[in-house]
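These are the structures in question, set out in turn.
Here chain A shows up in two complexes: once beside chain B, once beside chain C.
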Partner chain A sequence: MMESVLFQIASALYVAGTGLGFVYLYNRDERLSRWMHNLLAVGVVFHLASSGIRLKHFWDIPENRWYLPVNSFFGALSAMALAITATFVVVEGRHRLGILGAFVLPWACLAALGGVFRVHSMGDTEIYGLAPALQSYWMNIHPLVIMVAYAVFGNAFGVGVALLVQERQLRSKRPQELCYRLPSIEELDTLNYRLVAAGFPVLTVGIIMGGIWAHNAWGRFWGWDAKETWSLITALVYAVFLHQRLVKGWRGRKAVYTSMLGFACVVFTFVGVNFLSRLHGYLSAR
Partner chain B sequence: MRIFLSLRFNIGLLCALILASAAGTFLPQSTEDPARVEEFIAVHPSLGPLFRLLGLFDLYHSPWFLALWAVIVLDIALCKLSSLPGPASDETAEDLEEAARSRPLSGRWTVPDQAKAFAAATDLLASLGYRVRRLATGTMPMASSAELHGLQAWGSLVAHASLVAILAGGLLKGLFGFHEFVAAAEGGTAPVTGRPGWIIGVTDFSVERYEDTGANKRFTTRLAVYEHGRLVEEKDIRVNDPLSVPGLTFYQDSWGATGMWRSASLAWPDRELELSKDGPMADPESGARFSADLYAADFGITADGRPDNLTTEPRNPALRVTESPRKGQARTWWLLEREPAAAFIEDASGVLHEAPPPAFRLASVDPVLFSGVQAVHDPGYPLVLGGSLAWLAGMVLNFYLHRRRILVVALAQPGREARLCVGALSSRGPAAFKEDFDRLIARMREVSS
Partner chain C sequence: MELLLAGLNHKSGVAAAARDNLAAAGAAEFLRRLREAGWEEAVVLSTCNRLEIYAAAAGGEPKERLGALARLIEAAAGAPVGGHLYLRSGFDAARHLFAVSSGLDSLVTGENEILGQVKSAYETAFAARMTDKLTNIIFQRAIFVGRQARADTGISAGQLSVASVAAALAERIFGTLQDSSVLILGAGQMAEIAGRHLLSAKPSRLRIANRTFERGSELAAALSPAAEAVRWEDFPALLETTDIVLASTGAPEPVLTRAMVESAMPARMGRSLFLIDIAMPRDIEDAAGELDHVYLYTLADLQGIVDENMSRRKKEISAADRLVEAKAREFADWLAAVRAGEQASLRHHPGRSLRRGEVSPGGVGAARDGEPQEERS
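Moving on, here comes the complex of A and B:
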């Protein structure tokens, strides 16, 4: 109960922070950016507290002891919201790019609100005992690594949207103030590339870890399960992006569209594939 | 050969792989669910046979899909062999000053003494961790190439080579390994057909379930492995905890009910009767004789009204019991353990008829379970594992190391002051190195003058 209350408070704070991010797009007041940052930080604290309670209840089931509670759709959504927000806070903190909040944070909000919706539709926060295959130390590594990659790609997607907006502004005859507040196309392009270049190795290593886990559990590294296949597709799309960028020097819109296609694959792999996958179906995780 | 080196062709291959892989997740696959494949063909009578012909129902093992992988491997090998890291072309250029100046980041200034300035500049680079190499240019001009994180240049090669290794590992398993599902009942044995003379024995099997959800908590098999009758190894195996013997590993995969039972009992309001596998048991009260034969773990009824076992999991356990009263005809009942109010009578042709429940019910039934084990011989796995580690190394080298190459050229100009010319390249592009390069040039100017 307390877990879901704290999670909902965190979600509300993320939504409020994102709202401030949108206001900050059109209002130069720096206090808005600071407040956005503060709301997100407090949201992360509430989220961590909620996760702490979740962990305690999860570990009350002896088979779950020492494993992370990401074996349910709510658990995955909650971890995803936390990962995207935390990645944004780190990137924003390093590059002073609060202006990108409006482009990146909606994904964290969507994941958090998806979690809230899931709690209301299921009636609880989905704490179940782990299936035998999930009782492995890989449970603490493989999903976490994959989620970090997804969060980084989520941030890259937001940066890509900002780049498209900026490009549109520059092409228009009467650019709005937003044009002068967003980073330059060159900076956004470089940031988009650097985020993808950071996320791609993490994703592929996460996929390989999944393969090693599957080999330990069932004696096969790769089984063409829908989730495995779609994560491979995601990696291939980002590989196309990196090859085009590094070899052919793709910049700007073309590169961003490819990166966005990659993120569409991420979203499908995270949500859509649950309806196709037997092994990784969160929606039938009971 | 040229086509393999074309980026457009490479991207085309990746796109073909993406589309083919995606198609396989939407079409039913015979390796996963053969019944759904047949259903698809029945619903799509024109497309279905065509898809079957194209191998789309076993897409990931179809010849064209495997051929696509083979072309990708060949493509990677050719591309990487044609672009092995080597010295930059401008380091062997005749006009070294021009080579330095043409780099995306460059600086040029006059210095009082050519040799001293050159030594100071290269010493500075060395002190910053650069690997400095004097270029063989004779005496004039003096030139050095300095490099930081030069290993980065190998990252792409290592990563691509590791992909080839991983795929080769998969190929090795396909050619020389095997993967076989072996099921044995509790107390029984089953042969490993891929290894003649080898059998597994399930000495004991236990399963635990979560009380709240009924999902599997843990299942354990006491597995014995025999080679030509000789016990090779015995161990409790679980999912994630297999048994390995030289050349073969046994993984706990699944479990279910065999259709046999160990013990069962019928109950009346005032008494119970234990059934026997060896023959009918008489109920002393009524004088009727009872026997049981078939057990269905997940009882269901087919469209033509016959008994069916939907899965091997005991979701709706039922037992076929024959009641032979002292007078009258014998009746064959299907009794459901969890639904005592439901009962079916099976006629001589095997068709079920719903019937009012008899005076007795199925009180308990203890089924004989089977343990499903994957017997695997995978000679390619070490290659896959090594390739995976190499991939990790390649990714780290390629994306997390920042390779910087600096060309320093000192020129003596007759009758004029000497000149120092510095040009730089960065694996992350000029923008990522500009700030550091400007600072470096400032320090070089300081030490060289």
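Moving on, here comes the complex of A and C:
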């Protein structure tokens, strides 16, 4: 109960912070950016408190002890929202890119609100025992690594949107104030590239870890389960992005579209596959 | 203690000769005369477009004291200017000073140079030991309000010259220009002005291609020791290693074609190319701007942005006026409280880091090079 209350407060703070991010796009008052960061940071604290309680309840089930509670859809959504917000606070906060909040944070909000919706539709925060195959130390590594990669890709997506907006502004020949507030084309492009370049190896390692775990648990490294397939597709799209950029100099719009396609794959792998996958389905398992 | 102001500005319609006399006298001379006349606190703001004396009087009727200030100005002008002078005291004087430091009283709304001039007028008076509690506080306050007006409202937002708009756009494409290389086509006056602007953003490289190589070399030498003249026929090949092209030749036909840009793009590996065409007739083919990663701005585009910035500043005047009015009111209230012997302090805007600016107003006058400024002296 307490867990879901704290989670909902955190979600509300994320939404409020994101709202300020949108206002900040059109109003150059620095306090907006500062308050956006403050709200997000407080949200993260509430979220961590909520996660702590979740962990306690999760560990109350003996076979779950010491494993991360991300075996349910709620657990995964919650972790996702936390990861995207935390990545934003760290990356954009450090580079003083509060202006990107409006582009990146909607994904955190979507994940958080998805969690809120899930809590209300399920009536609880989905704490249940781990299936025997999942009772492995990999449970603490594989999903975590993958989610970090997803959060980084989510940030890259937001940066990509900002880049498209900035390009449009400059092409219009009548740039609005927004143009002078957003980072430059080359900065956004570099940030987009760096985020993907950071996320890609993490995702690859995460997938390989998944393979090793699958080998231990199910006796095969790779089984073309829908999630496995789609995560491979995701990794391939990002591999194309990196290859084309480094070899062919794909930048700007073309690069952003590729990076966006990659993130569409991420979202599908994360949400859509639940309806297809027997082994990885948060929605089908239980 | 009352704050008094006697002054003239560009709107006052004083004869040119009188204005020249006043400008020639200078702030230091005025301070000397003020001291001789028995004034203990005074600051003189003297620029091409204004002469204002702010003084504090302990005793006597403000009207009389203002009359004395007016006579002092008239003596220096060597002509009757009495009818043109504005004489103010208390709240009205404070409001005027804040409006001046905010750039609201300038020919070019929100220009930055006046803030530096207010600061140096204060420093000159301070060095001459002509400031005390009231003038210290009102001038530090004026610098603070000037900064706040510019930070909180849009009165000094946006560039007001074609060259500075072009430089600002270049920064929207490349971030800092430190890794960007500039190529100037032509060596005329416009090329020089725009070149200086781009140079102030410190690009990594600046090359000049002109049909007459010698003229290009001359401009390169005039601009910067780092600038380099190149042969006209070599410039298409340089597009591969150039980020910003500034075209300003007298050629009757476009000299930079879409085909030239297109063939340079693969080697650029997707890096943006900013083409600035300030030539009349045009130097760069319109079609070049349709290419991916290429941004083409013409003189008309840039002028359009300048006009827009100008009207945007004008729209912000009322917001800045409100700020000035509120700050002047705050100051007048503070002064009244001090006079009544109460404990009073002037609040700063809560939670603002502008406070720093008040203690040490360093760098206030850092106007952007080449921006139209009203009060250049």
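Methods note: the second predicted complex is superposed on the first by the 286 of 286 C-alpha atoms of A that agree within 3 Å, B and C clash if a C-alpha of one lies under 4 Å from a C-alpha of the other, contacts with A are read in each partner's own complex, and residues count from 1 in each chain.
Note that a residue touches a chain if its C-beta (ideal position, glycine included) is under 8 Å from a C-beta of that chain, and two chains touch if they have at least 3 such contacts.
All of these numbers come straight from a predicted model, not from anything done at the bench.
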For this session: Give one of first, second, both or neither to describe whether A:198 is in contact with chain B, with chain C, with both, or with none.
Result: first
Exercise. Is A:186 in contact with chain B, with chain C, with both, or with neither (first, second, both, neither)?
Worked result: both
Exercise. After lining up the shared chain so the two structures overlap, which partner does A:38 touch, if you call chain B first and chain C second: first, second, both or neither?
Worked result: neither
Exercise. If you stack the two complexes on chain A, which partner ends up touching A:171: first (chain B), second (chain C), both, or neither?
Worked result: second
For this session: Name the contact category of A:219: first (chain B only), second (chain C only), both, or neither.
Result: first
Exercise. If you stack the two complexes on chain A, which partner ends up touching A:27: first (chain B), second (chain C), both, or neither?
Worked result: neither
Exercise. When the two structures are laid over each other on chain A, which of chain B and chain C touches more residues of chain A?
Worked result: B
Seminar exercise, completed: On chain A, the footprints of chain B and chain C overlap at residues 186, 248
For this session: Name, in rising order, each residue of chain B that touches chain A in their complex.
Result: 7, 10-11, 14-15, 17-18, 21-22, 24-26, 29, 31-32, 60, 169-170, 179, 210, 212-213, 215-219, 238-240, 242, 249, 251-253, 374, 376, 378, 381, 384-385, 388, 391-392, 395-396, 398-400, 428-429, 431-432
Exercise. Considering the complex alone, what residue numbers of chain A touch chain C?
Worked result: 29, 31, 166, 169-171, 173-175, 177, 179-180, 182-187, 245, 248-255
For this session: Quick one: which bits of chain C touch chain A in the complex? Just the residue numbers, please.
Result: 152, 157, 168-169, 171-175, 266, 268-272, 292-293, 295, 297, 301, 304-305, 308, 351
Seminar exercise, completed: chain A residues touching chain B in their complex are 61, 63, 128-129, 131-133, 135-136, 186, 190, 194, 197-198, 200-201, 204-205, 208, 211-212, 215-222, 224, 226, 229-230, 232-233, 236-237, 239-240, 243-244, 247-248, 273, 276, 278, 286
